[in-house]
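Sharing a structure below in structure tokens format, with a few things to ask.
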Amino acid sequence: MKSNLRKIFASRVFIGGAAAIAIWGVLALLIAAGIFSRSMQSLLIQICYYVTLALSLDLVVGYLGDLSLGHAAFYAVGAYSGCAFAVYTNLPLALKFIGGLLVGGICAAIVGFLISCAILKLRGDYLAIVTLAFGEFVRSIVKIIPGLGGTKGLLGIPSFDSRVVGFTASYIVLVLVIVAIYNFTHSRHGRTVTAIRDNAIAAESVGINIKRTKVLVFTISAFIAGLAGVVSGFYKTSITPGDFDYNVSIEALVMVVLGGMGSIRGTVIASAIIVLLPELLRGMDEYRMLIYAIVLIAMMMIKASPKCRALKEKLDGKINGFRSRFTRKRAK
Amino acid sequence: MSMLKVENLGITFGGLHAVENLNLEIEKNELYGLIGPNGAGKTTVFNMLTGVYKPTTGKFWLDGEELTGRSSIEINRKGIARTFQNIRLFGNMTVAENVLVGLNNQMRYGLASSFLRLPGFFKEERDYSKRADELLAVFDLYDERDTLASNLPYGKQRKLEIARALATSPRLLLLDEPAAGMNPNETAELMNTIRFVREKFDMTILLIEHDMRLVMGICERVTVLNFGTELASGETSKALNDPAVVKAYLGD
Amino acid sequence: MKKTARFLSLMIATLMVVLSFAGCGAADNSNVFVLGISGPMTGTASTYGNAVVNGAQIAVDKINAAGGINGYKIKLIYQDDEATVDKAKTAYEKLMDNGMQVFIGCVTSDSSIACNDLIKADGILQITPSASAIEAAVNPNSFRVCFTDPLQGTKMAEYVYNTLGYRKAAACYNQDDSYSTGMYDAFKERFTELGGKIAVEAPFGKDTSDFNAQITKVASSGADFIYLPIYAEKAAQILITADSKGVKLPFVGGDGLDGIMNYLTGDLGKLAENLIFLTPFVSTDTDPKVQAFTNTFIEKYDMTPDQFAADAYDAVYLAKLAIEQAGITAPTAMDNAAVVAAMTQIELDGLTGKMTFDASGEPNKDAKVAKIINGEYVAQ
Amino acid sequence: MQMLISTLIDGLNLGSVYALVALGYSMVYGIAKMLNFAHGDVIMVGIYSIFVCLNMNSLPVPVTMLICVAVCAVLGFTVEKLAYKPLRGSPSLSVLITAIGVSYLLQNLALLFFKSERRFLQNFLQLGSIQIGSFELPVISLVIWGTTLVIMIVLNLLIKYTSMGRAMLAVSEDKGAAQLMGVNVNRTISITFVIGSALAGVAAILYAAKYQNVDPYTGSVFGIKAFAAAVFGGIGSIPGAMIGGLSLGLIEALTIGFLPESLSAVSDGIAYALLVLMLILKPSGLLGKKKVEKV
């Protein structure tokens, strides 16, 4: 039985790993060979960090069930601290990137930890509005911190000369984040998170520490948002406070909601679609924001309508049938 | 020494005495009933015993250890588990996952194991999903282990709640109207399950119930509450025949 | 799981490949010179992007009607960058994908700065009509039509001190806008250097909608005038507030105030009376070039052109002159280095004045000071 | 001293506008228990409706004002019917996301129709100002003061002494129980939205008269601050909205007037910082009631 289980996990890891490498291989080849247009290449990198950002928000919105409208704040803290590290240190580029990721992630995580400790008592609407306010507050604070360039922003962030390298670096961060989130959500810690989302009182009755779990999720989520910020900074080479306003939080929320909330796969696909949307809807630029709004409303309606719920259950049934075939093997 | 001892327990909401001067002594392995008309304060008692509400007066002990005013989490860890009157399952999680959440506090692997899938993760996940499966088998839920909890039929949801509560390895199990909304057949089956749980897990059970047949069928002793105060207590048949109880239930 | 993963990867890969080929489907550009514009066409800053495209389009139409450049027509392409940094990079790449040969952009400073590395690496001629931050044109192949923010601040400080004779300034600036802070910092430095005094600063932010407290602060400071290094839409709000509070101090500003009459229509127009500001372009100028441009613009777009449109118009003409000066005979013979080098040898008598360039990329041209009298801009 | 008094007057004037807008948020939240993110955007639509009417010239001003209130009320009603009603009973997360979606939708519709340029309105009320001592006080400020007070009193009376008001109270306490008692919950919530949106219409008129400008983001920017004010005072409480609005107005004006210039960059963040602090220290706001979750 032991070897059997190992094999299954091994094969899952194998499939995932192989898929990740294959996608990278294909994309990197297409970039290197110049088959991808330049704009497509730049969009690919953007997809990497937008997906990372959306996944971090998904942890809070989809898995924990709390609405954060201030994820731009963690994104900003990560971007500013990580990029400032890269600007003000004298290291080889690779080390600047890795160091920047660590610094950005950790600074964002610290902020996420502190803010989540402070807002533990709040739920629902209040939590949403406090995170929104916090996001705006961070944006105005960033302007007066010396060394971050004030209103003009932090300029001269190092960047990867080679597009293949730039893409690869962003892609590796994304894949690591996906693996980490998958592992986390499929562990006992992840189960407590979804339990709190589904029924906080019941979770408490079986001895789950809601406060500690919430702080944990916010901290992890902030860390990942921080990573996204650093990757974005290395791509953009300059970041300004305006890059981190309320609209960024909303855009990430649209990605999460479109992805079905609480689904890694869904979030990845939805984020990619949203980033590519201007390409997909050429000539309809004016309607893009309108589409975001409609996506938000429509997804919620679909979720609430009984007909669609029935359809979803049918689909879930199929997936579960599939899953039980897999798990029955495990039980043997 | 009794398993659960409750002394003068009381709580007021905005000047209103919801429960007053409640005394209980439940022995190990006993099946004890808490009954009374609607609004008598039964669920409030449960909420105090599980730390959802802080009692205004009185104290309670579990196996001699005072737990008054502790948090829900602590009380659960000390060995009191409960179910809810209006079922509270983790609806978007599978049946097995619901039980695994109950087992969570016994699992030891840390965050690093979660993120990096260290060996501890595999070992514990395997061991505990086996334990979850065993528990589910007891409640005849094994075949539905991968169904979403919200998709279970009503009776099975009640059972799953009990299974989840048992997963936390309690010494005392509080069941809040386990038979609510069940037909006679289901109720009879439930009675068997409750008895079985007591035997198999050597459990002490305190239950709130409206269904008198169930109460008379399985409870050894009961306490009858009305308007937050104790009307009668003692052996089930005696307590139920107490004139004050009859009056409260049937009116003058 | 296996199936889904395989299906998923296949789907993504297909999607990307399809998209990439769609991106490659650029038209055949061998018979036209391709000029590209990147700026905000949607969103809050869309006014500027659209003004630039419209102004440039008029120049392109005029040049094409007159035979183009060395017999080849100009094709104008543009991309929306929403005035956000990451979209700006994609927009620029998109323009390059579509065969851009001269870059008229970016419209806004932050976007332009973000594209610096790419523009430098590509080596093509960049003429930004309106990105006024110093850092927006630092590459050797970058030039700009407008004044830099600090230059405007300095010039205005000198004009106010020397010509108008004011000694005590009050300033209302937008602390969320580097255009505003850049201009104000330089103004402050030069004005105090000359011997003037900043009586009070009353900054506001991008979310400010009530300016009463700022005006109160300014009014009780005893200043001779109020300096408004901001864009017209905020200035119009400030003028309305000042009027409602009975504050009658003179207002002085930078080129952002140009276009204020488009906001203050009808009876509100009187609020802008006596407003003094620096501008490279006055749409009511009697110069026949300007008149022709203004008339065409109004006819075509039903609004008065502002400096963004005029800057873009001049940028297109600069590109034409540079290409001609460099002796590029056909679009296929484009030589970026030669065109860039030619920029320092040309002189344009444009809508925004006579201008020449040195290697720094900054224009050598005179600043014009305009005053609004009876609702008309009058050059001072 | 003179400046301090002037600044205080500025703060109270601004605060009264915040209070007026906060009233709308608070009322809807208090009864329907949902955060109507789009309230500010309804105000924005109202101001645009005034803008359009003014541009048609021939309309008398009172008609314009009526149209504005009507547009807002109808808009509120429609939004509630189409977007919020189908989600009754959904988790609050869904409702909140929908409300954000509606807010975004209105903004972007306005962006499509009116473009992003700020539009300026003629001074359509022509109220001028009066001189008190050495201070010039715009009459519009007095009108806003009066209106806010009157609305506050009328709302209080309405809720306390009419059957509709009692129905609202019942719905706010417990929707299920209210339903059982024969209250038409859906209709009551609809009426709440209509009244709330009509309030937005009144706010739109006064905002338009005071500030004479609008852009597609006016509502959300001002709305979020007003919402902060409502939360500060304790959302759901009508006097709370008033106190919250006035406090926020005063604090903002005083920050601008007296904060050292080196810190001025954060003045815009003050409302937000205040909101965060308030909710951390006293989650139910100054006058709010604490919510107990039933088990």
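Order as written gives the chain letters A, B, C and D; numbering starts at 1 within each chain.
By definition in this document, a contact is a pair of C-beta atoms (placed from the backbone, for glycine too) under 8 Å apart; a residue touches a chain by one contact, two chains touch by 3 or more.
Since this is a predicted model, take the numbers as computed values, not measurements.
Counting only chains that touch, the fewest steps needed to get from chain A to chain D is 1. Among the remaining chains, the Cα-based centre furthest from that of chain C is the centre of B.
Each chain gets one centre point, the mean of its Cα atoms, and the points for chain B and chain C are 71 Å apart. Chain C and chain D have Cα centroids lying 37 Å from one another.
In this assembly, the C-alpha centroid of chain A lies 39 Å from the C-alpha centroid of chain B.
Listed for chain B are residues 52, 84, each touching two or more other chains. In chain D, the residues that reach two or more other chains under the touch definition are 111, 265, 268, 295.
Chain C has residues 42-43, 175-176, 205, 207 in contact with two or more other chains.
The part of chain C that touches chain A in the complex is made up of residues 1-2, 4-6, 8-9, 12-13, 16-17, 19-20, 22-24, 41-43, 80, 84-87, 89-91, 93-94, 96-97, 110, 113-114, 116-117, 133, 135, 175-178, 181-182, 205, 207. Within the complex formed with chain C, the residues of chain D that make contact are 2-3, 6-7, 10-11, 13-14, 17, 111, 115-120, 122-123, 129, 136, 138, 140, 211-213, 215, 217-218, 221-222, 225, 252-254, 256-257, 261, 264-265, 267-268. Contacts from chain C toward chain D in the complex involve residues 42-47, 175-176, 201-210, 212-214, 216-217, 219-220, 233, 236-237, 240, 244-246, 262-268. Those residues of chain A that touch chain C in the complex are listed here as 12, 15-16, 19, 22-23, 26-27, 30, 35-44, 46, 136, 140, 143, 150-153, 155, 159, 232, 235-243, 265, 269, 272, 276, 278-280, 285-286, 288-289, 326.
Per the touch definition, chain A reaches chain D in the complex via residues 61, 65-67, 69, 118-119, 121-122, 124-126, 128-130, 132-134, 136-137, 139-141, 143-144, 150-151, 201, 250, 253, 257, 286-287, 289-290, 292-297, 299-301, 303-305.
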